[in-house]
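Okay, handing you the structure first.
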């Protein structure tokens, strides 16, 4: 079957053009101006934007954490993704201490297989960095898992020391992979947390005080130093502070292949949220925490100037009821994380493009093209080009929306952006040529989503 | 007539795909996979790259300077451009002191009209920044001349003071234009030059000593300050030093719309060239001068990291014989400038992509897409997209070349890159759908090149 | 006659000791513990600090400005100095355009001779930097005038261009002198002032908007660049912003002999003062203007860390009535300047030492020793040492004071620090062995103050 | 007995004066100009400098290390100190893992008591930072041991993690103490060392490669971050790189009480020393290692600008024969350290003052006054003032010297500065009023040196 998306404005990371897009089977086969009747099906896109499906490279679905499990699994999460214009996710398969990396992948494949609305890949989160785990890396890169996450935080649990960090950087870089880092100094957090709890400071807002900006900035500086010593590329997940951004910028200016992502929460929310009444501050308990107002201006400048390359959601949803409430009397017991998978694209369009923080091409780059390139999905994903997967979003830039937990697909009882209003909605979403979301309804088949092995890292 | 470029690898600033490109009249009308016989003419491009025609936004053709005129006029210069894969230039129309900006444009249009092998536009070089000239700016922006160059160097000749600089930034920014600056401190140069000449230091190599890096860095810092005060965007031409680059990076990180170009000469040549025997150092007398070895590493990192957005040639050719020789006994009499229009694309491919300083997409961005976007030529030029001008280069990435003055189209008696060897050659060049260069021969018609009015500036 | 100052705590820039100080004639002749009856006169200083007389290297007495003359002349100004613990000033002799530097000195010597309560020297303020003036410099350095001030502000009046700046730096440095700069970009100020006035913004508070921090920071950066190119030392007067401080710090870290002074007004007052009711904002119209709150924290850190070496007053008093009022309808007509000579030492003690921004040794260094060393008065002035002038202050660190225009010696109708309360008062002040101020009363003889030729500059 | 040092030039950190100094018992009792016959003993110092005895706050005497013991004990070391003009040292008492800090002090007191030629104090080197050790700190501060050293290097041996670092900073700062840090990232060193040894790279020169500048810079950045989080002052021992210096400068500019020392070896020697023939490179095996040529220019600028406050020797002598040779086949077995106690003052005078890197006052500050003030010895030591200990050096600035192992007091078989020639020699050295070194001969009594309890830290 041949589908024609007619007369839309095609937007890529480097330009726009008004043209028809032809889809055959799962692929884009032509772009041009074609006669009526050329396709078996014609979708009128005049006045609409045609975007490459967005890619969210930082999600946590069906993930156990502190005795509970994230509210979203691979079905609810990927339907929410589709609803938000995201047609591919890369989730984290988490090593069990004592277990192998391979075992983590087996477990996560099992969670996802047959349950996904959109395509997916896996990073491996390394939590027990022994010699054996190190030696699994080259093979996993070859098998389509080129990205490995390690933690400079969570002392005594996931945290690795600098020797391990340097080793994993060397091993992974040599194998064509990329190390992703959660960059906060876990020792600092441990000490400050201990002091806060000892002083009876247990409310959600103390979470932020236990993880000051300097804890992140120090870790980012250290990670960049390890990366420079290793000769390998480096990627920082969920960067949240102006100070850390400056360090990334400085490294890049020196020519180092250092990359960083930020998340909508650090662009649209700030630390005062922790002062919401009652226990509501817990909605925003995530790591790194929300930062002081004003910080976001620096992050926008970082996105605009190319110093930050990716916006991902770090989607990690827990219900306020029963889940977040586990930490009612102790902020350290609040499951960390917040939802974002469904709203990321709209937030970046309405809050970024419409507000003139970034232009439309940078927007596409941040939510789709750069993630695809850095994470080895390109050119299969991340652009509108002949031969690429027909992952496409027909996006109405004029449609108004208000975010609310009462109208969302993600399976969680609140929305951190509740009440956010703006313009720009995905109207139709194609995944590999199949329409899976139409005018507010999920119309796809669960299980359509397919595992996508990814290519080794190459410098962009 | 419908032309099919068959099966090439299309490379844009954000991606690659293997597909056919359809040209009808002057435009690209489709990209896809088409049946044999679809076109009236088929050009086999299998194994070749198909690049958007390169754009050189910094040239000086048929320009008077110090009692002589550049060796290249609009005919020889644009044929050389075509030979090198460049299908559009933006030259500088230079105001005569006492004259209007409009008069400069009339004069330069007369120089170019009917003589060009490729398309062209004009910046206005403002040399007498009076109130009247300021007031011409808004109208010129509307007429397709959105870019205005001013000089912080050439004291007593072109140099403007900071008050004028601030005013022209405010006026131009408000009108939707962009101010381009030659950023060297002319006062410093005047004093140092005076000292050198007084000491009998007249050889070409003293040119470099009269214009130290600090003269550029100071000017760049000052220009950025003026731009910040004005609220307008800012662009620095021919940035040559690591120190100046750091200032640009810092401004961008703070969110300022500051842009900068560098040139192949600062990436491939260094200050020791001034020590070539006899008067040969004069070949490299240009402003800013060549810099210390090692500096180029910083510039490459600046290109890679996005801190430098454009590579232009600053093509300004004077023959060594008779022209450069005017300064045989006094370096200040050597006409400033060197050729580069013909070799820019090949240098950046062979010396940039092949040497792994930049990837192929960044290469296309630097020589074509970013210039098009910053200078208001996009999407007409600068990409391979439906609706864009069919300015295309069929580029053989494996073909070997050696640069030499004995085999060049540019009308000048030397080549500063003499003997440079590498891989990558334009084999066929299309300008608005017309083949104008084929396998080493210029096959176009002089006068084919057309004036392209440009759009106002918008932040990228 | 031999005077013994008994049992005080002697404080110098590098230490404290409890001892007697012996004064014979004009000099300190011994420090130690002496038997009762050793002196002809004994002054009990137990519980008191004995400080070297403070030195104010930035004053403007009997200075014409904008059709009026400063409220303080050399008599009222130097009595105020004495009252505040300052026993030596360096004032500015200002060249008349067209006149020589020597003529300026003759004129200022005439203003001061026989009228001073404390010792004095002169800088030369160069306002017409022609070749002849340049050539006067070496001889003036030899005659005891090693410091020359030039202006980067006051376009069309005092402002010199960068060529002149570079030349005066080279000439002065070679002669053993030091160039002092008023670092604000006069072009920026001219443009912004023009815009403000054109918009009818004439009130005192617009003075600050016409001279933004960036105007200072740009000028400081440029001055440092000129100094680096010249190979000469450099000094910045009345530095007021955190940004400028960072530039000075960076230059010093690179090893350049760059020095800077700040003033109490930038440490204790901020921009909100311009919003005082009616025309009262005019009290604070000075250049550079007061800055945003928060800026002072950086300046204190700059003093503490050694990046700022001197605190001077920039005393330049005009009465609010009749003088400041000249600018009632136009802020540019308000005579620039404010009093500070009388209060500098107490402000720095009460607001600096007592508040723990600086320690007592740094305090002595900033107000006395470093000025003496940088300005060629050391070791005659600026310390408590055998052989030095007996310029001494018996200072009661516990005595409380409140600053007010109703109780001041300076001849001006307001005090910018009105109501400032703190601890620390000069009780007795010796100038070359003579008691000139005792417990609130000036007891000296006008004319006692003597011209002090100063030594050439040497790097500290 | 009253001694008169007649007519010398007294030099302190803030000035010079020509005067007599009177010594009675152990103290300076007067400074002035006295009649002949005033003293019981008169020492003619005309034409000589009179300096406060130097203080070396970083020595390791009688210290076990890797199965051997330093070549110098408290007797040979302190005689060498005296010979070099150093009249007080602060050595490191090293905690035994499992032992208390108090026990370390007992052990080191025993090593020193009755064996010292000059006065001494102790830092405590904390190697096992448990809760009990933390709790000993406040009491030790009160007892005269206000400074505690911890290690960011020597993984698995002395290295503490960031949580411990933050805790010791908080505890020590609150108690009025100061934490000293060996700032090199031990994890990096471990990994690189492992790689080098695995590759058979065992020669002395690989020691430097195992500890790259970045290992120091990262640690300094981290230490400053911990200090900022703790609110406590911070001190970095033996800082060796330009990069680390920049971090210290930046911290100080932000107002943090961060201090750093460098050592003569980093000012006068560079990494090429490791290439000396045979095993001679082992002479320079110390940590941090010698750095690239050029680095020292930055350190000199750091000293001059006040960003580095102290020059100490890190004297830690091992004979090349038998001791250094333990690492003949493995650089990690070479005992780390080199002698410097005897030569520090002369190196800094001849190589610093005479070469015009620093002036004479800064020299006194770096080797005597600042160490005294930062380490709580002031005003008892570190200056020439009434009431201070009569620790004085009569220094001949014109006397020539050549350093050599054949003419030294330190008990070690080589001198890292062998052949260094310059001007400036201590001729007479007084310790608390007693002449202990005269014209090349040690004339004191071993055991004269006394333990000096030190004051708590206060910010300078």
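Just so it is clear, A, B, C and D label the chains in written order, and each chain counts residues from 1 on its own.
Just so it is clear, a residue touches a chain if its C-beta (ideal position, glycine included) is under 8 Å from a C-beta of that chain, and two chains touch if they have at least 3 such contacts.
From a predicted model like this one, the values you see are computed outputs, not experimental measurements.
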Listed pair (C-D, A-D or B-C) duplicating the A-B contact set, over half by residue number: C-D
Whole-Å gap separating chain A and chain D, where each centre is the average of the chain's CA atoms: 52
Distance between the centres, which are taken as Cα means, of chain D and chain C, whole angstrom: 38
Mean-CA-position distance for chain D and chain B (Å): 57
Residues of chain C touching at least two other chains: none
Chain contact topology (line, ring, star, complete or other): ring
Set of all touching chain pairs, with the criterion as stated earlier: A-B, A-D, B-C, C-D
Residues of chain B defined as touching chain A within the complex: 10, 12-19, 22, 29-34, 245-246, 249, 252-255, 297-298, 300-302, 304-307, 356, 359, 361-362, 365, 369, 373, 378-379, 382-383, 385-388, 458-460
Chain B residues within the chain C interface of the complex: 155, 161-163, 165-167, 185, 187-188, 190-192, 212, 214-215, 217-218, 221-222, 225-226, 228-229
